[in-house]
């Protein structure tokens, strides 16, 4: 069994951004020399998500609007009594989930034709991390 | 470490269908000879989901209605400017998530008494795939 | 490759509870002697969730209220024709997801500064289980 771990750092300019990280995940797999296994891609913060979907700008705007409807940015979250104002970002993170596993087959990400791996920042403008860990043989 | 990979193909008759694939996942684990490990079950399309829950028809109808309330089929998604009409299916896929890991113990799926693995098609009537990959020893 | 499996039992006093199980996951990893790998933490019931987020009481109350808005406890679910009254708990389980993978690096849970692993009970007052399985080397 082999494994390789890397960390991606982000500090987005906007409070919310959606960043395609598929090539970074592919790079790690290539460097690992692993032909068959799993790569975990997991946000290390509780106000960000990682998901797999389409690299299409209209859809990304739809996703952002939809998340805002289901988990709105607003005052009144109890969490804000701690001095934070990012209650919505925690809920958005739960909704899209903070991690995915990408299967690796014959040394490549075994994704469908339209599947891309996205980092979803819901409370940016600060340094945040994603862990990538590939395991296999 | 051993691993085995298989692909399930679907072409549903309805636009939306929920298909119990637990036995197919079990079959792969049996064929692999793996006694202890993880099976990844992951949709390879961005308008389908994979989840674990109850094989009860009333509940499945509840899930479908609930998804329709939270991520409605409608015109007006920006994604539709690409010529598609399946914006809702992308959001439903994000909501239920597109993958699960099933633990394998003593050569069997280590699921609770009511846990079944479902493929959730949100934009069917076309050929689509799910990857199964088991890894362990 | 090494692996170790354990089961956590819960029987909550309340119908809904959020229980921080991070230390139990850490204990298993320590006992396994695995330095590098993945731990799966997965509810074995279809009316409970497992998620990673903040150990902050206000936020937990926000999460509970938000889940109740998006997947309300109510009569009228078709699932209730089976004699159950927990349709909402199934939907809440789908929404927060029933499992996470925690990466293990240098023998420790490789979590971000605020990440804690939670068991979310949505239909308690009965015995329920979570599986922990760590795999690696």
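A few notes on this one:
Think of it as A, B and C in the order they're written, each chain with its own count starting at 1.
The rule is simple: a contact is a pair of C-beta atoms (placed from the backbone, for glycine too) under 8 Å apart; a residue touches a chain by one contact, two chains touch by 3 or more.
This one's a predicted model, so the numbers in the text were calculated from it and none came from an experiment.
Each step here moves to a touching chain, and the least such steps from chain B to chain C number 1.
Where chain A touches chain C, the two copies mostly use different residue numbers: shared numbers make up under half of all numbers in play.
Inter-chain centre distance (chain A to chain C, centres taken as mean C-alpha positions): 20 Å.
Annotation for chain A: residues touching 2 or more other chains are 1, 38, 70, 95, 97, 101, 135.
Note for the complex: chain C touches chain B at residues 1, 3, 5, 38, 40, 42-46, 70-71, 77-82, 87, 90-91, 93-95, 97-99, 101, 129, 131, 133, 135.
Chain contact summary for the complex, chain C toward chain A: residues 1, 36-38, 51-54, 56-59, 61-63, 66, 70, 95-97, 100-101, 103, 105, 110-115, 135-137.
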